[in-house]
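Letters A, B, C and D name the chains as they come in the text, with residue numbers starting at 1 for each one.
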Amino acid sequence: MSTDTEKLLWMYTNMLKIRRFEEKVGEFFAAGKIPGFVHLYIGEEAVATGVCAHLRKDDYITSTHRGHGHLISKGGDLKLMMAELFGKRTGYCKGKGGSMHIADVDLGILGANGIVGGGPPIATGAALAAKYRGTDGVAVCFLGDGASNQGTFHEGVNLASIWKLPAIFVVENNMYGISLPQTRSMRVQDIADRAAAYDIPGFVVDGNDVIAVYEAAGEAIQRARAGEGPALIECKTYRYRGHFEGDPMVYRTREEEEMWRAKDPISRFETKLMEMGVLNEAQAREINERILAQVEEAVRFAEESPWPAPEEVLEDVYTV
Amino acid sequence: MSTDTEKLLWMYTNMLKIRRFEEKVGEFFAAGKIPGFVHLYIGEEAVATGVCAHLRKDDYITSTHRGHGHLISKGGDLKLMMAELFGKRTGYCKGKGGSMHIADVDLGILGANGIVGGGPPIATGAALAAKYRGTDGVAVCFLGDGASNQGTFHEGVNLASIWKLPAIFVVENNMYGISLPQTRSMRVQDIADRAAAYDIPGFVVDGNDVIAVYEAAGEAIQRARAGEGPALIECKTYRYRGHFEGDPMVYRTREEEEMWRAKDPISRFETKLMEMGVLNEAQAREINERILAQVEEAVRFAEESPWPAPEEVLEDVYTV
Amino acid sequence: MRTLTFAQALNEALKQEMRRDPTIYVAGEDVGVYGGIFGVTAGLLQEFGEDRVRDTPITESAIIGSAVGAAAAGLRPVVELMFIDFIGVALDQLYNQAAKMKYMFGGKARLPIVMRTTCGAGMCAAAQHSQSLEAWMMHIPGLKVVVPSTPYDAKGLLITAIRDDNPVVFIEHKMLYGIEGEVPEEPYTIPFGQADVKREGTDVTVVATMAMAHKALTAAEELAKDGISVEVVDPRTLTPLDVETIVNSVKKTHRLVVVHEAVKHGGAGGEIVASVVEEALDYLDAPPKRVAAPFTPVPFSPVLEQVFIPSVEKIVAAVKEVVT
Amino acid sequence: MRTLTFAQALNEALKQEMRRDPTIYVAGEDVGVYGGIFGVTAGLLQEFGEDRVRDTPITESAIIGSAVGAAAAGLRPVVELMFIDFIGVALDQLYNQAAKMKYMFGGKARLPIVMRTTCGAGMCAAAQHSQSLEAWMMHIPGLKVVVPSTPYDAKGLLITAIRDDNPVVFIEHKMLYGIEGEVPEEPYTIPFGQADVKREGTDVTVVATMAMAHKALTAAEELAKDGISVEVVDPRTLTPLDVETIVNSVKKTHRLVVVHEAVKHGGAGGEIVASVVEEALDYLDAPPKRVAAPFTPVPFSPVLEQVFIPSVEKIVAAVKEVVT
């Protein structure tokens, strides 16, 4: 593994950041401070982290309803995110979007998305823009196993394929679309097999191994930057929480959950880094504390921020 | 080849029927007697014929904008079809549908369709009904190469696959979707390769060889009747006419057209049948004349039929 | 009489109809094991089994499209579109296929499909999970559009919908699932195209559907204290629309306020106002008014969402304007 | 002045704008080699090349969706939806994505997208290729909706649309492509939200768009012979809608007829009538009337189609009813 220490530590830190941020979000949702639908990414942190480790500010991503991890990995600001989740005017969307619509176009984040399958065509368009302008920028589309059954997936990937666009489709196969197991939503075992329908490369990786994700994503993104067109990366992973906060989870077993927790992407990577001598206990503690402080700061910012003024409901519909 | 003589002659007759019927339609369109959009199937007759040769009255088909061949092959009445094309009240749809919407639900024909990709989900539903009722009926969905890029194709096939429905998707790859060559609408060479994305069998056949179509369809339909689920059959073929009548055809060469005419499905089959001793010149002439008479009768029926009454515009919206 | 929640009333209607008619099946995302994201299909899988209660992938075009094919082939699908906001990925199968087939085929098709779906704001579910899109549904010849407001109406109208031989869009406002009301145990039907006068009054007619019917009733209570007598008319179905009952009410009250949660521009309120003035212009003593959402997407923040949703206060204010 | 057809005027607008701004690209089915099924994009591929004039597969969700991504990333897509009837397979990308992004993102997005499309009956193209669905488009906050009736308006409004930083749905009635009219050679813009009084009159205001504007003008000619003076107002854009010009006209004429080709129930006419009566009830000397299609899919047969499409005679009859 040739990845340098800085990158390794960034990945470790980033995964922890997602985990701690979302744990806090879960708490505040339970406490009734965060309204609406909240879909947590806990357990899947290696995917967004390993992919976004390759991205530049001028690259694009499209995200999903389960978007916090993508946003954080692409550089999203925790304070602005938390304030948005609270519905405050200082949030990313001035309180208009909430968890499912956080975006930061300046960072190339074209939005979380409440429509399953909304992303693939949009990412294809962002990739088109990068190619049109003659840059080597790429667009990454995150989507779920469930979303890969949506027609828009087929259309977005096909268009990216025939136009040889620098678009990378990252399927986060967490085994369920709400209550429906992947085995009941499609007959293929590996969603990566669907890449063949568009004559593009398909990769299957252990989505709980950030290095495996990093390496596959690296290859796909390098191809895309070199003008060789799109790729599909399937990352097998698992969400620890319910589909959304409040989900009774009648559709899966506690044994299955335990099995996946044993493959936790963060502790596995932590152990690995310690074995490699890249990280020690003290550093780990220090990083964790730094992150906790950032999360606390984000919460404070959110809590202290003002609500939007009622008349703001009318603003931001049109560009004038 | 074990197909019996009767079946062989039915296929020959059916292909000729489609050809002669549509030649007449082309004439009447040019003469301004048939209004609207008319998409002719001439050149592709072997596909509908070879597939429908296996179908019973209680099987279903969904058709397309280029539907005359499917309808005739499933037993559609030439008189009712022609009257419909003329917009007469005696037509299949009382003049309300026209070429793109001819249907005969009693014959299991769930309609031509003006929406490219409209058929796959509908055929899936008809297959579901057959299975739900415990019959061994099947549903065949005809669609074009262009339609296989539509999201509804992906969704319809996937649903049929996971529910193991008796649905057969027959892709009529005539190399173009209006002006766009198949090579520019997808990167796969064989659309049948897309079957793998749903873990169902995919067949590639020479769509201008009615026996090849017949055999592949036989296998797929038998599987479906036996409860083994859907299949995808790609038939490589070519339309002789423009996309619709009136198309200037700026997008293809006369050489290409000539090449395909040399592989004409009807004359090839005629030669073969004669070689086999199943057909002779006299019989062929007799069949041809019988068909011409039927077509003439259909024209007469259409021409002599009354127009719908103006107030009929309001009827047939709702079942009461 | 026994009371049920709106969700329970719907659930009972589904169960009773499925027991009666084996050609009815239910399909949609999470309708089986999960029992429906709002619990409306709870217990169906257990009672009727996997053939009749079908969990689908996320594939709305195929959910609705397969219902079209199955219905044309003789079944009676009741499919769930989890949120009406998602209709954009599947609308073709509803309006170009289901709604038009009978007509396009010259009358020779029967499409007994019910598409149940949820609409409305109030849960901070934001712009893509809170819309009220009934006006789009109204504008589709061949469809019927049902917009119940009470548990009683919900059950009776759903049974009517299931027995109807036409495609029906059945819209359930998500903030109503928990409300309670009296519901008879036996199956019963409520005819489409019959508005219900939810409260009689003499000074002003307020036409309101779904969640807004309740707000209109609350407003009516408040206005009664000021001596203003409000008649609240709930159309219950938008196609067919019972213009007659509304017009008769206006002929009595001489004033009209129409309330809906959808944005005003291009909403169902325009149709209702226009239908009334075409028939009863001379009866109106004041310009009609519409109370509806502003022309914006639905905002997330509770503060903004509550400004977006037409409030009792806004209805009260509108009524006061038209009666003075 | 030089005359052009409606299609040529649109073609000229596209060419002039593409010359001005290299971030504009055109995409859609058969827009390149074929030049557009109605010829509107003819010659574009030859002048601007394959990068800027992109033939797409049959994939409307991806055509519109990729425009959303490309626009968010700084380009100015002008995409073609071959028939507005096909919007049902792709509507999500238009209303949940393009139209809402700016708002959902708290203002921080810019979506300069034009979706050109055709509507309308008259070619015997039947139920799935003849619809008028502008009312759906009106009901989407975040979109602008353009409905031109003349070559002059077509060019000016299309240039405005392309320069607008918001998603614009630009609807071209297919029976208008061949009509001719004077069109300046240089590029010019027509502001959105400004209705055009196509004919002045004093007895009745007829509001009509697209093909119906022409029928209204013909009806006005005929009615003039009977001494009835008709003012024809063409809103030109439905969002924003110039209620003021319409209301001012009604304040002068005291009578209103609204004409559109879409089916009446849930159509744009309801919005227009309601907007007028809310502001000018007391000015109306007769109930307003709507002339629109019956509540049916569009039939194929020329005989039936001509009954379906609102005719000059029906407009004349409606005007006579309101003036007597």
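The rule is short, and it goes like this: a contact is a pair of C-beta atoms (placed from the backbone, for glycine too) under 8 Å apart; a residue touches a chain by one contact, two chains touch by 3 or more.
Treat the numbers as computed from the prediction; the structure is a model and nothing was measured.
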item: Both-way neighbours, i.e. chains that touch subunit B and touch subunit A; value: C, D
item: Euclidean distance of C-alpha centroids - subunit B vs subunit D, Å; value: 36
item: Length of the line joining the C-alpha centres of subunit C and subunit D, rounded to whole Å; value: 30
item: Distance from subunit D to subunit A - Cα centre to Cα centre, in angstrom; value: 40
item: For subunit A, residues that touch 2 or more chains besides their own; value: 93, 95-97, 101, 113-115, 149-152, 155, 158, 162, 184-186, 317
item: Residue list for subunit D, restricted to those that touch at least two other chains; value: 56-57, 59, 61, 85-86, 88-89, 92-93, 96, 103-104, 126-128, 141-142, 295-297, 299
item: Chain contact graph, described as a line, ring, star, complete graph or other shape; value: complete
item: Residues of subunit C defined as touching subunit D within the complex; value: 61, 85-96, 99-100, 103-104, 126-128, 133, 135-136, 138-142, 238-239, 241, 262-263, 265-275, 277-282, 284, 286-290, 295-297, 299
item: Sites on subunit D touched by subunit A in the complex; value: 25, 51, 54, 56-57, 59, 61-75, 77, 89, 92-93, 96-97, 101-111, 141-142, 144, 165-166
item: Residue ranges of subunit A in contact with subunit B within the complex; value: 149-155, 158, 161-162, 184-188, 193-194, 196-200
item: Partner subunit C, residues of subunit B touching it in the complex; value: 60, 62, 91-97, 101, 103-106, 110-111, 113-115, 118, 120-130, 132-133, 139, 151-152, 155-156, 158-159, 162-163, 315-319
item: Residues of subunit C that touch subunit A when the two form their complex; value: 29-30, 32-34, 37, 55-59, 61, 85-86, 88-89, 123-129, 294-297, 299-304, 307-308
